[in-house]
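Presented below is the structure to which this report refers.
For clarity, chains are labelled A, B, C and D in written order, and residue numbers in each chain start from 1.
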Amino acid sequence: MAEILSLREAVARLVRDGDTVALEGFTHLIPSAAGHEIIRQGRRDLSLVRMTPDLIYDQLIGMGAVKHLRFSWGGNPGVGSLYRFRDAVEKGWPRPLAVQEHGHADMANAYVAGASGLPFAIMRGYVGSDLPHYNDQIRTVTCPFTGEKLAAVPAIRPDVTVIHAQKADRRGNVLLWGVLGVQKEAVLAAKRSIVTVEEIVDELEAWPNACVLPRWAVTAVALEPGGAFPSYAQGYYKRDSWLYQAWEEISREREPFLAWMRRHVMETDDFAGFRRVLDETRRSMAA
Amino acid sequence: MTAPGYNASEIMTVAAARRLNDGAVCFVGIGLPSTAANLARLTHAPDVVLIYESGPIGAKPKALPLSIGDGELAETADTVVSTPEIFRYWLQGGRIDVGFFGAAQIDRFANINTTVIGDYARPKVRLPGAGGAPEIAAMAKEVLIILKHGRKAFVEKLDFVTSAGFLDGGDARERAGLPGRGPTAVITDLGILEPDPVTRELTLVS
Amino acid sequence: MAEILSLREAVARLVRDGDTVALEGFTHLIPSAAGHEIIRQGRRDLSLVRMTPDLIYDQLIGMGAVKHLRFSWGGNPGVGSLYRFRDAVEKGWPRPLAVQEHGHADMANAYVAGASGLPFAIMRGYVGSDLPHYNDQIRTVTCPFTGEKLAAVPAIRPDVTVIHAQKADRRGNVLLWGVLGVQKEAVLAAKRSIVTVEEIVDELEAWPNACVLPRWAVTAVALEPGGAFPSYAQGYYKRDSWLYQAWEEISREREPFLAWMRRHVMETDDFAGFRRVLDETRRSMAA
Amino acid sequence: MTAPGYNASEIMTVAAARRLNDGAVCFVGIGLPSTAANLARLTHAPDVVLIYESGPIGAKPKALPLSIGDGELAETADTVVSTPEIFRYWLQGGRIDVGFFGAAQIDRFANINTTVIGDYARPKVRLPGAGGAPEIAAMAKEVLIILKHGRKAFVEKLDFVTSAGFLDGGDARERAGLPGRGPTAVITDLGILEPDPVTRELTLVS
């Protein structure tokens, strides 16, 4: 049954060192505030899962919080590389990063299997691709009716899934809409879940067949308006491309990255504090 | 080959847009593929159907999207489904006419590498990875690939095959059981390449 | 690309003798008008698929149109038996009916597999049940990661799926809402599809993430207001329990059933005609 | 055992309603199970969550539904999902506390027959079939069964096991790997039966 908590308390209670953690959000509703809070609270040895690791995972990896990453596309969308991710894979800095690499279709199916209580998912995939040669978690099963060989991938079952959504009601029921990605599946696949939301309302006023996560399927809800910045929240704010562009410079080298993280994340109290300091940085750069 | 007043990306985009027939159902990657598909939609192919892996089906953006899951795509789509549904019901279900994406590295049989340069375990350059490309390349009835020409882009042998084109050429793709026809064109800033009907080797056609 | 046709023309063109046909609709939006039209046009040797065969399948079976039925629950919901179905299974009248019997979870998964281009579906199911002993289309696969045994069932791939929906636009895009059952999956699993609708509008005005079948995923759309009677169409009309209750008497014996079908279905031109004659019958019974 | 002014169905309904704890997530079949679950919701268990196999999650009907997929269920639910999602994410996903359904025939280990009386190939009576029962009986954390008592209902040996209770009794259910605890009560018009903690044989408790 969902408890309404501060993000700080939700992360303190529900995200533990060594956990397998999925922060999901496909371009839309990326749970940035929660990612920062995990960094601020100094979690270590995390196994992260995410289809599209981007800025927030680059930050977690660069801060040394991550030992393992299961993913399918790791880049700064529309801009270029994730330098902290690359540094960890190419040079082992600040610690070696084990990668378990899949494709999008595979990850999406693996979340569905996790949400469905199945140990694995089947799909048509990887024929002619080298990926299965480098990932022994991509296997095959034979159709007992046609004899066809299909790819099989293990279900994703995170210890904790974290997503951002538009609304919750005061009892903890959650509503999201627009680009839904794999968020619902990721929450239902996990043992525990945290949902940050733009607002908490008396009534969700969901339309028919809306994507609602009932409160009894969610562990904690935290109010965190703007918590998906610099991604967007449909109906609330647009994507802010500036930070994606600026990330290229901020993240390219180790020391400037660490200095930026100290000033903007470690030395701020919360996401609102981060946004204030970031605005100062941005104004001083423009000046 | 660069016309005055147009840059290489613009020429590639126009060339790619021309390959899309009206009414075709296109699974589009972000960047030039999305730009080209929308250019087609706004010119000769008003009924082209754009599907993005983030979930929008039938997106009709007025502004060009910056990311694969922009709000503009969701708001203008016929509907938005979950990402698992996109890959399961719509791509794997065999409903995509044209898969349209970019590439970092390609070989002469239109196999693609978007994973690593160098050794997988100790890569020289770690690229973003597969994304949706392996299954788009496998399942779409045909595939269009856009990339900038250059020594690094066209190689004799890929360090890593992320997504299958024609594998070793000839009928290797059919023999492997890949459902779609595979790449029908590779659109670059220097020209358009098409697979030879028999050897399936990429050949400059314009 | 969906064509907007009369129901008569849609059935004439798209439903053929010997076809595997799924008419779906889970309590809600049952495509009764289309079922009648298939009977009226005298289709034979059909292999029918439906999770919950009810009145409309009882009629098709009793009229001798069906050779095979794949199903998971065959009853008159809230009332009792389907006597024509029982007569075909128990006595082979008017012709023997081969049954391929599954459970709901299995059928739902099998439609998903069909819609997903997969040859089979996996599920946790049937442990301790006798069904797999009597249906060789329920098999097992072993998880290549955990060694667990799971049930495997073949995908449903109808030649034609027929559903009823609330709305289409003039281009043939379809919107349905409320209880969705397996309708979307059944359409996407089929080679051809017919969607009857309550109304055809200029704009669907679908809310975010609505259940929309784009026109290029549908073969034919036919305007058939009230076409789900005696089931209901959310936002249009309620379930009419009278015919479900009356069906008990109408269908119990062979000759009265045939007489009823002649008068109400075979000798009427369309579903509107059926409704008029049925109203006469109903008034005369009340009198 | 029939109290004046109440019929057998009403007594069964009240007895069944009392077994539902507040906040329990119940997967309910139509008929008496749905009536009992709604009675519980309107009396001692306002936060009981009702899930129907047709798709409604968290239905709060004001009038008792006549069918498993009534409009009233859809309109009052927290949301309505597809039937595949109900069976995959919600039931098979292990989220159901109580599965609640009726039965035609039951044996002393609470195995259920809703398929045929007589031989499967040449049945004396063809019953409706499995519906959702085999997987509800397997996956729900506990199962409640309602049926009317009688010679035909309680039999020594079922003609067909549609849904598993405790199979041959003892620890047979656990050994078969069924995830849920199985039936915790069988509610009839003559009393309530519960499985013996060791033999798992149904025993009259009230």
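Note that in this section a contact is a pair of C-beta atoms (placed from the backbone, for glycine too) under 8 Å apart; a residue touches a chain by one contact, two chains touch by 3 or more.
Keep in mind that this is a model prediction, so the values were computed, not measured.
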#### Entry: Steps needed, at minimum, to go from chain B to chain D via contacts
2
### Centroid distance [mean C-alpha coordinates] between chain C and chain A, Å
41
### Query
Roughly how far is chain A from chain B, going centre to centre by Cα mean, in whole Å?
26
## Note on the structure
Contacts with two or more other chains occur in chain C at residues 112, 117-118, 123-124, 178, 180, 185, 208-211, 234
### Multi-partner residues of chain B (at least 2 other chains)
74, 80-81, 88, 92, 139
### Query
Can you name every chain pair that touches?
A-B, A-C, A-D, B-C, C-D
### Message
Touching residues of chain D toward chain C in the complex: what are they?
### Response
30-31, 53-56, 66-71, 73-75, 80-84, 86-88, 91-92, 111, 115, 120, 122-126, 128-135, 138-139, 160-164, 167, 173, 176-179
### Message
So in the complex, the part of chain D that touches chain A is made up of which residues?
### Response
23, 25, 49, 57-58, 74, 78-81, 88-89, 92-95, 139
### chain A - residues contacting chain D, complex
1, 112, 115-118, 173, 185, 188, 206, 208-212, 214, 216-217
### Task
Within their complex, state which residues of chain A touch chain B.
26-28, 51-52, 71-75, 77-78, 81-82, 85-86, 89-90, 101-105, 108-109, 111-112, 123-131, 134, 178-182, 184-185, 232, 234, 238-239, 241
### Message
Taking the touch rule as given, give the residues of chain A at its contact with chain C in the complex, in rising order.
### Response
117-120, 122-124, 137, 139-146, 148, 150, 152, 154, 177-178, 180, 207-211, 234
